[in-house]
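Presented sequentially are two complexes of chain A, the first with chain B as partner and the second with chain C.
== the complex of A and B ==
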């Protein structure tokens, strides 16, 4: 058998996945970019229209605000869960991990509809609160940003927990014990010794949730009542309602660039390479 | 000119038929046949190379296809022996144009909209309606075009839930904008269609001057400002079923929705929990168009259109899926309990305006942008 040098075998292993990416992802995306610059006529007219539109500006602000709040919510809740699972060894650990993964078995659509059942005016939450005499009139829990955020945090939570969990399980308990034996309080040991070690997990969780949230469509469309118009919904609206492929494509290019910018800015503050590739 | 045809409204009528079936208002035989046909639609499309003496009518599919077949087509076949087949593949202006230009016309009659009808006429894709066969007096005024004629109507109406409002029901669009006396959430369409009109009326503009007022940028801005003012109380509906759900789940007490959806809601909600007013409504017609060079020939198709104008058939249509008769004479035959829900009864017509496609062709896209901005910004 002829010896294949290492470089060739590396590329042979990568090639199938790379080919699929190029053919089914990169080529169509480039097609969209082309439409953004060529329809209805060649030039940057679509981008000029976009920049001049208040609705687009607001939609971008809403998108980034919702994504940011969702990320923060997921990190706080997810950190607690991940911390509990990885630091309190118990026979329930496999069950807890299974519970984190379980929502992936149910489609986002169904999970979002379930929130409609829960959060509606005559939904379970409002009925319970009313039954308990805590409120007189139903609270407005959905068809607004609150509802979108509640459901988005729920949908995105596993994406925050899993990277943090992987990271925390790799942290040896010896460090905290050493800190404690040297006289650090429990809080100091956590803050100065444990927490810095979990940063790679937190960062990769944050990036994952934030980037996924930016392009999120189903949940805001169902729970936003039309007034939490995320940019992805605005794109569909342009294309489906007005067959305005030019502006729709220009918007998606803008969203991609905005997302890339966020990653670049994030890269200035954290070492993305170590955050994403070397999970310790 | 842009095509202003509201395809969503047309598809919605197809969906409504499905719901009627679930409620037991459509026959099972018909429904199963329609669903079966849906699976073989592409095949049907290709085999539909109409032989002479066979008429292919095209609408927007779903089970509305079955209603059309049962109400208009089968009755025509029974009378004349000429088979009429409904194809539900959605006769968009683009498809009709492609068909005519390629010279392979297989459709005889298409359920289109005023916007498409005007464009297709300008492009020379359709035939003039022969008004010596089709009776101009049997369609609503304003729905008899040179190359297109009305087939049914639906309206944008003021729907309310008196139970949630404590019996105090808004009667006019001005009331709808009065949040103090009529608290609660409202729903409007996620599009300016049929919506800017009511916001204009809410400023006290009389019915017959609405499009005149909207003809100026100031008029449009004023209507948009009304939505900005009300937006904290607005949940928008994207599809017809959205609007229906919002009422069913008591998320909203007031709304501007399609009369076809109101037709379903009246059966689904308690009597004291749902009310419809056509006061200040906007009535929109569907339009028949005949592609140039259709296989069944001009005369045969015109005869079929004339057949569909019969009041008793049009009333059947209303009973089955809530699309109103385009023939004003049909109103007399509508059963008393359905009359309040008939968009084209004389009482209801008197309080509505006809959807103005020309206005939409000129202003819609710019207005949509302002509308979205008003709702979210």
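== the complex of A and C ==
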């Protein structure tokens, strides 16, 4: 049997996935770039229109604000969950991890509709609060940013927990024990010894959630009810309602560049390779 | 013992059905190098963790200079500890690691600088102060861990198998250094290991543990030469075991037979005629000679050459296999498999084991 060069066999292993990525992803993305610069006429007219539009500006601000608040919310809640799983629940660890992953088995669409059932004017939350006599009129829990944030944090939470959990489970309990034996209180040991070691997990969770949130569509569209127009929904409007492929594509390009900028800026502060690949 | 610095009484710790600590009583003398030795699962690490305060005993009492510290949290016990994997904080430099115990004690910065430098000099690592732990070799990390555990002048230093991750030669060097450091500082060391050589070479006193209980304790010489039972004789060094029938005892001379072989043993124990007792015989106390030179005829089964010594397994027709260890530089015969030889020993070589 002829020996295949190691490099060649490596590329042969990667080739199928690479081909799919190129044909069905890279080429269409390039197509979008082309449309952005050519429809309805060649030039940067779409980008000029975009820059001059207050609606686009508002949408970008909402997008970044929702993504940022979602990220912070996911980090705080996720850190606590990851910490509890990796430090206390030895017997229940597999169950707890399963519960974190479980939502992945349910479609985002179903999960978002479930939040509508929960948060609507006569949804379960409002009915319960009214029944308990805590409120007179139903609270506005959806079709606004509050609703979008609640559902977004829920949908994104596993993406924050998993990298942090992987990171924390790799931290030996000996570090905190060592800190305690050297005279540090539980809190000091956590703050000065444990927490700094969890930063790679926190950073990789933050990046994952933030970048995914920037381009998220289903949840903001359903829970926002058209009132919280994040950029991906704005793009859909431009293309589906106004058939304005040029502006829609230009917005996509802008979102892609914005996301790339976020990663670039993040790269100045964290080691992306270890944050996203090695998860150590 | 003068009033002990540390005292553990009736320590009990169970995990499910296993007794990790089973009524352990132990006094530690000021300035002593005490080693807790045992196989894995013997309870030695549990005992150290209980002393450090990382695990709560089910029952029992721990006192430090006669003061009850059973429920005191680890950070207020003032014990330095060196961990098996060193546990140097990876996000801090060497200097920050060593300064950590002084910082949490809110010492003035001039004192911190001085003490950190002293501690690093003590382990000859002054030149590495600004490195990160990940940039150091295992042996260097080990020294930093030691400097960190000593920088705040703790009352007792706890060491949990600190050398187990190092290679053999480095381990031997660090054994000398640890021992020298102990002599120089006069601090009480409590050292956990499963390595008998480590225990023998450094300790003032060794505690041998098995199944959460103390099997025997004493200085290395006593433990090696006067093991109390089969476990100790087998765990600390190697031993041949012979079951003998007591035929009588005149003063310190025990007359006994093993199968069809009759011989005398010098002992400080008292034995009853007719009883069966177990003898332990160190391989290096057995002598290998030409046929009929010693009193037991035997045949060489296997030879293992170790450089300074030579291990020989011989077979006697009724006593079975025996391990003989002879110096390679002083042999009248060169043992090879199949050779007919004879073996023997001095009357004071066998140890009468008190129990099985």
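Before moving on, here are some points about what is shown:
What we mean here is this: the second predicted complex is superposed on the first by the 273 of 280 C-alpha atoms of A that agree within 3 Å, B and C clash if a C-alpha of one lies under 4 Å from a C-alpha of the other, contacts with A are read in each partner's own complex, and residues count from 1 in each chain.
FYI, a contact is a pair of C-beta atoms (placed from the backbone, for glycine too) under 8 Å apart; a residue touches a chain by one contact, two chains touch by 3 or more.
Computed from a prediction, not measured in an experiment: that's the story for all the values here.
Chain B and chain C, once both complexes are superposed via chain A, fit side by side. Contact with chain B, but none with chain C, is seen for A:59 once the two complexes are overlaid on the shared chain. Contact with chain B, but none with chain C, is seen for A:225 once the two complexes are overlaid on the shared chain. For the combined arrangement built by superposing the two complexes, chain A sits at the apex of an angle of 160 degrees to chain B and chain C, based on C-alpha centres and given in steps of 10. When the two structures are aligned on the shared chain, A:103 is found in touch with neither chain B nor chain C. Within the superposed three-chain model, A:177 lies in touch with chain C and out of touch with chain B [touch as defined at top]. Looking at the shared chain after the overlay, A:188 reaches chain C, while chain B stays out of its contact range. Comparing chain B with chain C, the partner in contact with more residues of chain A is B.
With both structures placed on the common chain, the touch criterion links A:121 to chain B but leaves chain C unconnected.
By the touch criterion defined above, A:197 reaches chain C but does not reach chain B. Here's the short version: in the overlay, chain B gets within 45 Å of chain C at its closest Cα pair. Within the complex formed with chain B, the residues of chain A that make contact are 53-55, 57-59, 62, 116, 120-122, 143, 221, 225-229, 234, 237, 241-242, 244. Every residue of chain B that touches chain A in the complex is listed here, in rising order: 185, 190-191, 231, 234-238, 249-251, 365, 368-370, 372-373, 375-377. Listed in rising order, the residues of chain C touching chain A in the complex are 52-54, 73-81, 83-85, 87, 89-91, 100-101, 104-105, 148-149, 152, 158.
Those residues of chain A lying in contact with chain C across their complex are 172, 174-175, 177-185, 188, 192-193, 196-197, 199.
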